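Taking it in order: structure first as structure tokens, then the write-up.
Order as written gives the chain letters A, B, C and D; numbering starts at 1 within each chain.
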Amino acid sequence: MANCSIALQILPLEASREQILKTVDAVIDYLQLQEVTLFVGPFETTIEGDFDDLMRLLQESVRRAGAVHASIFANVKINYHERGQVLSIEDKVAKYQTLPSEQ
Amino acid sequence: MANCSIALQILPLEASREQILKTVDAVIDYLQLQEVTLFVGPFETTIEGDFDDLMRLLQESVRRAGAVHASIFANVKINYHERGQVLSIEDKVAKYQTLPSEQ
Amino acid sequence: MANCSIALQILPLEASREQILKTVDAVIDYLQLQEVTLFVGPFETTIEGDFDDLMRLLQESVRRAGAVHASIFANVKINYHERGQVLSIEDKVAKYQTLPSEQ
Amino acid sequence: MANCSIALQILPLEASREQILKTVDAVIDYLQLQEVTLFVGPFETTIEGDFDDLMRLLQESVRRAGAVHASIFANVKINYHERGQVLSIEDKVAKYQTLPSEQ
């Protein structure tokens, strides 16, 4: 059971719509290459795992966003349980979604 | 094309985990009965449509949460474009998800 | 005792730094003219009062932001207590600030 | 000129009002002992400085919150400018506040 989940929204400021999308995509592409459970929603991407690992990914994600477009705003939600009992992404969304495997 | 999308996270305070889940479910159940595009993610539910309609749904959602559990905190993201050009939920998540219809 | 406090951050998108500041200032100027307790912080402005009144001010604030710059993102925090017992702004910041009247 | 400012709101979950306040105070007390510009508002505390330093303080703040109360939710805003040009806390609030030194 994971002790953390983090949701991240990258909002490039002083940027065109094209720059915004390019920056957001660069961060999601980076996170998808990591060994971490990931869920992409319309406003934020959620990752789940060990607190220290996720904080490292968060820091690297913001840095990579800043390398694509200099002025970055990020909204971050951190759910941390000191004894490892955060609700999982699957627990939270499974009952509301028709997953492909259930077709 | 919609002029607004709103993401809503309900966080009941001074509540047990059971009360938290019951309150969140009550709001999602309410929103699912409305005529509005809806996307449920692990931390927030996103709706899309007309700004005035969505603000009314937001107000009613928080009120209904408070009827289940008195002490409510809510995180809300509002994306509003005065000329009706916000990115749609589908535009933002389609490229990252295998939708059932694409199986 | 108020039953609600709302924090609002306006983030104009696809905007220059000048447009961002102009839009944010227009909303704060509007809120300062309302009969509502107000606290301006570095990332968000907090108002306190009756839930329905504050939701109306929130809606009008986002609309006014959109009239200055068409593409608007807003972060909103809503603290609502169904029986009127949210912590006041003063309760929360007084112990950390040297208020002018205490000099 | 700093390259980052971070706003942090700690929301202990499954906690009494007393536990909420105790946890929030523990984090603010910790941050006030650090060598960092700090602004306490009603919903969030803002710190300003070097990106890597602030991310370290953020991680330690969440960990300390979890040591006081196990189940923690945190809202975090990160403003990062790759070339060091974020607006300062003082730039953003000075025009709206009567600072003690200006009495």
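Worth pointing out:
By our rule, a residue touches a chain if its C-beta (ideal position, glycine included) is under 8 Å from a C-beta of that chain, and two chains touch if they have at least 3 such contacts.
Nothing here was measured: the structure is a model prediction, and the numbers come from that model.
Interface matching across A-D, A-B or B-D places the copy of C-D, with more than half of contact pairs shared by residue number, at A-B. Set against one another, B-C and A-C show the most C-beta pairs in contact at B-C.
Note on chain placement: the centre of chain B and the centre of chain C lie 21 Å apart, centres being C-alpha means. Averaged C-alpha coordinates give centres for chain A and chain C that are 27 Å from one another. Within chain C, the positions touching two or more other chains are listed as 73, 75, 77, 79.
Of all the residues in chain C, the ones that touch chain B in their complex are 51-52, 55, 58-59, 62-63, 65-67, 70-83, 85. Interface residues of chain C, counted against chain A in their complex, comprise 11, 13-17, 20, 73, 75. The touching residues of chain C, when paired with chain D in their complex, are 5, 7, 9, 28, 39-44, 46, 75, 77, 79, 89, 92-93, 96-98, 100, 103.
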